[in-house]
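Report on one structure; see the data block that follows.
When the chains are written out, they are named A, B, C and D in that same order, and each has its own residue count from 1.
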Amino acid sequence: MELSAAVMKQWALRINEKMQEHKDKLSELDQAIGDGDHGHNMARGFREVANKVEDASYDDIGAMYKDVASTLISKVGGASGPLYGTAFLKASNAWKGRDMLDSEAFTEGIEAAVGGIETRGKASLGDKTMLDVWIPVRDEMKEHGADAEKAAKTAEKEAEATIDKVAKKGRASYLGERSKGHMDPGAFSSQLVFEALAEVYKEEAS
Amino acid sequence: MKKLINGVDQIVSEMVEGLVAAHPDKLRLIENTNVIVRADAPVQGKVALISGGGSGHEPAHAGYVGEGLLDAAVSGEVFTSPTPDQVLEAIKAVDSGSGVLLIVKNYSGDVMNFDMAADLAEAEDITVKQVVIRDDVAISNPDDRRGVAGTTLVHMIAGAAAAEGKSLDEVEAIAQGVADNVRSMGVSLSPCTVPASGKPGFTLDENEMEIGTGIHGEQGVERRELMQADAVTEELVQHVLDDMHLNDGTDVALMINGQGATPLMELYIVARKAIQLLKDRGIHVKKTFVGEYMTSLEMTGCSVTILNLDEERKRLLLSGRE
Amino acid sequence: MKKLINGVDQIVSEMVEGLVAAHPDKLRLIENTNVIVRADAPVQGKVALISGGGSGHEPAHAGYVGEGLLDAAVSGEVFTSPTPDQVLEAIKAVDSGSGVLLIVKNYSGDVMNFDMAADLAEAEDITVKQVVIRDDVAISNPDDRRGVAGTTLVHMIAGAAAAEGKSLDEVEAIAQGVADNVRSMGVSLSPCTVPASGKPGFTLDENEMEIGTGIHGEQGVERRELMQADAVTEELVQHVLDDMHLNDGTDVALMINGQGATPLMELYIVARKAIQLLKDRGIHVKKTFVGEYMTSLEMTGCSVTILNLDEERKRLLLSGRE
Amino acid sequence: MELSAAVMKQWALRINEKMQEHKDKLSELDQAIGDGDHGHNMARGFREVANKVEDASYDDIGAMYKDVASTLISKVGGASGPLYGTAFLKASNAWKGRDMLDSEAFTEGIEAAVGGIETRGKASLGDKTMLDVWIPVRDEMKEHGADAEKAAKTAEKEAEATIDKVAKKGRASYLGERSKGHMDPGAFSSQLVFEALAEVYKEEAS
């Protein structure tokens, strides 16, 4: 798998489209076990990201994603703002100086992103957070190489799997056992991130 | 959703504009932000205090900006932690060189955003300390506890300490002392509606209540049959005391906090019982607060907060601002 | 009806007990009554001020008892004027020989009961004067107007005047001056439930509001389609100003009063617009109050109050207590 | 018509029974055009009256009704407390020293009561208040002599007639034209007062 700077820009734009489209569902998921703003937070943040990167030109993919990250950090707030922001900030470090990402380079970015989420939020696999999507996606990429299609499938499966879990981090954790039976909103927004990747990659390839 | 607003997107900016317009002699808004600072900030030689978080908790946090209290408050979207750049703006506006203390409620979002802001400030050579408030005993694991109404007692006591000219380390230690000795527990009779979503956070039957609710319109830890005020109060007070191990004769402050739509009349009925219960247990209530200090939009219900007072906290609280 | 109460019959007595228990250093309850007086009453050499009315308007009226404000408050049943004997108890408890001023809202019940109490007091050789507040411009005939939130400005200004040691005639004239120069108008988005009846006073659809509501949960003078905050504010402010004939450059005080369940956030959004409108008309807002001053249980909505400030009222208001 | 002290005591007790029985209706009427407490005010006040007079013995009817009046004044509050209280206080003055009321003496009491309500509340006939019942009852008594049965009939008719009126005094007046279409609660409680009179008089006669 190879991702050009153009495709990487499309990815950011497509994430925005997906967040707008699923805004209500994201907020409904958050309302069930959190405070009901995840859709608004994501929609607000990625709308700004799209505005920012759409007509901008960047020296490299690292610079582009640094801009994505700082926009998220300064526009989202809540828990998801610093988490997604830190994820893309760490990835942008890994992508610094590159105008094309091969499977290995892309995976390095995702690995750095997961590290960022872990350090920032101190959650672990199974805590019913976005990490429950990001960690399996990373693991698979590390083992089998980056594959956008597969990443989207894994993300979907793992987001679904958060339904049965009891939340240990974030607002949903306050509900204890009552958090069971609902999908984690951050896991679903993470699924959308990887679905967006699969879509733009596929369109580019065809 | 029936609200006196103009549009969901303008709520926070219009609210902070209104607050500053109402008190132009005392407050100032930092342009292009939702940061409210004391009109005379930075106050030379004084440690600066900053609090903040999502909006919807009024009068917290911007209502506590003023002499003897906070130097700045940072307002995020409704129930959404503010971003690090806004917190950084606040830090830069209030630091007089004596350092800044961030008063942070223990939510993933608040902790992370304030943390990032502190990092950014340190990079600009401003000394920043943080105290994280976790007073909500509804959550059993102390590390995971939310910061709720007890946070406002930190504003008051640390605010009084800073006004006395204490150093950053001293103010931090005092704030941490409050944080370590304050406990709260809440109950809700009806939910609130986050404007952006337009729908109530949960629904309750006419005879149900949620015990152990936080301040973001989320459900509590348990749904129960509605009880009379005295029984509800006993439940809340007992839960808080069980976590405190107070000796006979201990001095405390008591706060009966309304969640936004509870008539003051009902809060006084709760206060009456809470004071009786503490008296029966040989605990001395030195100061009682009854009213709205940390709300959840138009939620109905209340929380009980008890703070163990050592001599210093007692002196600062009784001499300070509310 | 979901309320934090123990029983409909104990509400008022438990509320006043709670209030006094919370502030034992400042307040005292007269045994076998619902009369709350300053702990140090009667204050020698000072004209005493008494206000009161039905309960359900908290913090009015008992919340205004204190130094620089009222000497006593008499609480009737919810939304029911207190009886003359209770008012008489209050008068006897606070009179120091300098005379007593009764601050009465213009409702048949309040006027008649306070009047009877004044007669009884005169029979016991206590000098009693009364000022009747009629600030609600929703009612067109000035004689029939209700006393609403503007009453609290009488507490503050007359309270400051009495604290300065002014005579009964002087304090009465000042209170009357406030009464003559204060106007209010309210809007409600949802009703309240009088505990004894258990049913809301009226019902409104999701897109309706009542303009010109009083403070007893009754309907307003007109039902209208819900508007945005700015439009509602403009309507209220305009209605009040139309009745005031203020010259360019006049100094005023502004109060945005919540009806009990309105989030402070929304009140600040209303305040923002009201201040803008007054500025546009060349009127100088010298002091703004935003919060709950005179409520109607858990009604949602707000009122706008404007007081024309002459030099004396301005001085007393800016130096006095809130 | 002659009313003994015993019947006059029964009257006070019967008024209480009627107020308890119609408490909810009175409050509902008040909720429509006032603040919804008239039933509670009346029920609270006359319960105290009944407690007070039931086992007490009085020198005369004047003393008995002075007690009724002062109980109402100190227990009811609102608008109706001082109004009913003043009404019975003025009547008690007229009945001072008597242990039996003939038609003329009773009418004098009612006349005094109406005067008291007028002075205290400053309302006039047609303002949609309790006076719209009391004034026609008084007029009829003055013209044709006191007749309990007729008083009750007139009271019922006049209470009914308040429905079409626009309130000019009391809380209902704030509604202006919107007060039309509802019976005045104080008119209905006044109807109950005269119905109670007719009942106890009839029982005594039979």
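The definition used in the following text is that a contact is a pair of C-beta atoms (placed from the backbone, for glycine too) under 8 Å apart; a residue touches a chain by one contact, two chains touch by 3 or more.
If you're wondering where the values come from, they're calculated on a predicted model, not measured in any experiment.
Engineer: Suppose you hop from chain A to any chain it touches, then on again the same way; how many hops at least until you reach chain D?
Structural biologist: The distance in steps between these two chains is 3.
Engineer: Can you check how far apart chain B and chain C are, centre to centre, with Cα atoms defining each centre and the answer in Å?
Structural biologist: Roughly 29 Å separates the two chain centres.
Engineer: Taking each chain's centre as the mean position of its Cα atoms, how many Å separate chain C from chain D?
Structural biologist: Chain centroid spacing, chain C to chain D, equals 32 Å.
Engineer: In angstrom, rounded to a whole number, how far apart do the mean CA points of chain A and chain C lie?
Structural biologist: 54
Engineer: Tell me, which residues of chain C touch at least two other chains?
Structural biologist: none
Engineer: Enumerate the residues of chain A that touch no fewer than two other chains.
Structural biologist: Residue numbers touching two or more other chains: none in chain A.
Engineer: Determine the shape of the graph in which chains are vertices and touching pairs are edges (line, ring, star, complete, other).
Structural biologist: line
Engineer: Let me know each pair of chains that touch one another.
Structural biologist: So, checking each combination of chains, I get A-B, B-C, C-D as the touching pairs.
Engineer: Quick one: which bits of chain C touch chain D in the complex? Just the residue numbers, please.
Structural biologist: 54, 76-85, 107-109, 112-113, 115-116, 138-139, 144, 146, 194, 196-197, 199, 201, 214, 216-219, 221
Engineer: Quick one: in the complex, what on chain B touches chain C?
Structural biologist: 2-7, 11, 14-19, 21-23, 55-56, 58-59, 63, 189-190, 206, 209, 226, 228-230, 232, 256, 260-273, 275-276, 288, 290, 292, 295, 297-298, 300-302
Engineer: Show which residues of chain A lie in contact with chain B when the two form their complex.
Structural biologist: Going through chain A, the ones touching chain B are 27, 31, 33-37, 40-41, 44, 73-83, 120-121, 169-171, 173-176, 178.
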